[in-house]
Amino acid sequence: MKPLDALQQSLHKRVLVELRGGRSFRGLLDAFDQHLNLVLSSAEEVVNDVVTPHPGLTLLRGDSVVYISP
Amino acid sequence: MKPLDALQQSLHKRVLVELRGGRSFRGLLDAFDQHLNLVLSSAEEVVNDVVTPHPGLTLLRGDSVVYISP
Amino acid sequence: MKPLDALQQSLHKRVLVELRGGRSFRGLLDAFDQHLNLVLSSAEEVVNDVVTPHPGLTLLRGDSVVYISP
Amino acid sequence: MKPLDALQQSLHKRVLVELRGGRSFRGLLDAFDQHLNLVLSSAEEVVNDVVTPHPGLTLLRGDSVVYISP
Amino acid sequence: MKPLDALQQSLHKRVLVELRGGRSFRGLLDAFDQHLNLVLSSAEEVVNDVVTPHPGLTLLRGDSVVYISP
Amino acid sequence: MKPLDALQQSLHKRVLVELRGGRSFRGLLDAFDQHLNLVLSSAEEVVNDVVTPHPGLTLLRGDSVVYISP
Amino acid sequence: MKPLDALQQSLHKRVLVELRGGRSFRGLLDAFDQHLNLVLSSAEEVVNDVVTPHPGLTLLRGDSVVYISP
């Protein structure tokens, strides 16, 4: 198994994505590519315990991703 | 679907673009490329709750992008 | 021996992964690639002595990795 | 339209270039390349409200560019 | 002589590796590649004068390396 | 004209080079390449208003360059 | 002349190498490559006016180099 195969198993499931700079997202993983660019739907952004909903599709740039977890 | 396909769906619609360093933009997405370089029209920049309008076309360098959301 | 061969020896064993920014993970190394993207199972995240369990598979982006140790 | 086509429209016109680290430039856009390296003429640099004129041609390294706006 | 030839001479000898962020390692250099990914055995990590032993093989990511010295 | 053509016009003339981290150099531009690695002769380094002369040829790494100006 | 040709002239001579993060090295330049990875012999490291001798060959990673001067 390669790392991106593990991400394939999370497709269309809820994930937690930690970004650099103390920002994280929760949402359904709708798409990803080999750069770890991610698309989340029904996403919520959390910064310093403040939650911001993001309706529609949110594209996270792979460069900012620290980890992706169920 | 690949992440950039999701961005294709936002073309010519209003988007929120979060950049590194606490800067964000709102505007109409007029163009993008695979590096996530973006062109916004009728854009507004927000830094520390200060809003600056940017008439015409604003080019955002993909390297600075954290996420793009409707 | 090349560095990634050493990582091969840690496959399916417990590893400590130090990330940038004062964050570390412990867990079973399930997968890795040449960018040092890693998949851990039964992982625990430690930030400032606060431990957060991550059930399931956690994908760590190689860019954030500082070192991997048994 | 691709992002660099939008920049083509700004050629020989005044632009605002925001750089990383709180530095910005205003000037006539004389040249650019695909890395967003830029050449400005009749440029002014602004750092913390201090304005410094730069006669002649100033080359800005694309890596430092955050956005380019009319 | 090329820089990596010098590293070849340190193979299986004790080295000091300074990493970004005030972290350093001492240990036997067991392997390296052209990205300066390194494998140390019998390693000790030093951060702010606190020494942590790392038994087994430790993989240091080349991106974090500042210098390698005997 | 491409950006590096503008730099060609500055060859063997005095330039100001602003680097990241509040450091700048003044000197004669003796050479450059496409990465913006630069060679200055008769250079002076300025950090926090402290001027340090650098006799001989100083090689500045392109990665650190923010802008180059006459 | 290209920038690396200037470095060729410094081979086997004493150089000052400024690294990111307020660290510098002095020593004999024994080797370099196109990434500006450098090997110094008889080197001294200076951080905050504290001098540390490094006997033998020290490999400096090019990514950390800001400038190289005689």
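The letters A, B, C, D, E, F and G name the chains in turn, as written, and every chain counts its residues from 1.
Quick note on the criterion: a contact is a pair of C-beta atoms (placed from the backbone, for glycine too) under 8 Å apart; a residue touches a chain by one contact, two chains touch by 3 or more.
Keep in mind that this is a model prediction, so the values were computed, not measured.
Enquirer: Could you name all chains that are in contact with chain D and with chain G at the same time?
Expert: The shared contacts of chain D and chain G, listed by label, come to F.
Enquirer: From the C-alpha centre of chain C to that of chain F, how far is it in Å?
Expert: 41
Enquirer: Please tell me the distance, in whole Å, between the geometric centres of chain B and chain F computed from their C-alpha atoms.
Expert: Their C-alpha centroids are separated by 33 Å.
Enquirer: Counting only Cα atoms for the centres, state how far chain A is from chain C in Å.
Expert: Taking the mean C-alpha position of each chain, the two centres sit 18 Å apart.
Enquirer: Mark out which residues of chain B touch at least two other chains, giving numbers and ranges.
Expert: In chain B, the residues touching two or more other chains are 63.
Enquirer: What is the order of the chains around the ring when you begin with chain A and head toward chain B?
Expert: In ring order, starting at chain A and going to chain B first, we get A, B, D, F, G, E, C.
Enquirer: In their complex, what parts of chain C are in touch with chain E?
Expert: Its residues touching chain E are 1-7, 9-10, 20, 36, 62-63, 65-70.
Enquirer: Write out the stretch or stretches of chain D touching chain F in their complex.
Expert: Residues 19, 21, 23, 25, 30-33, 37-39, 43, 45, 54-61, 63-64 of chain D touch chain F in their complex.
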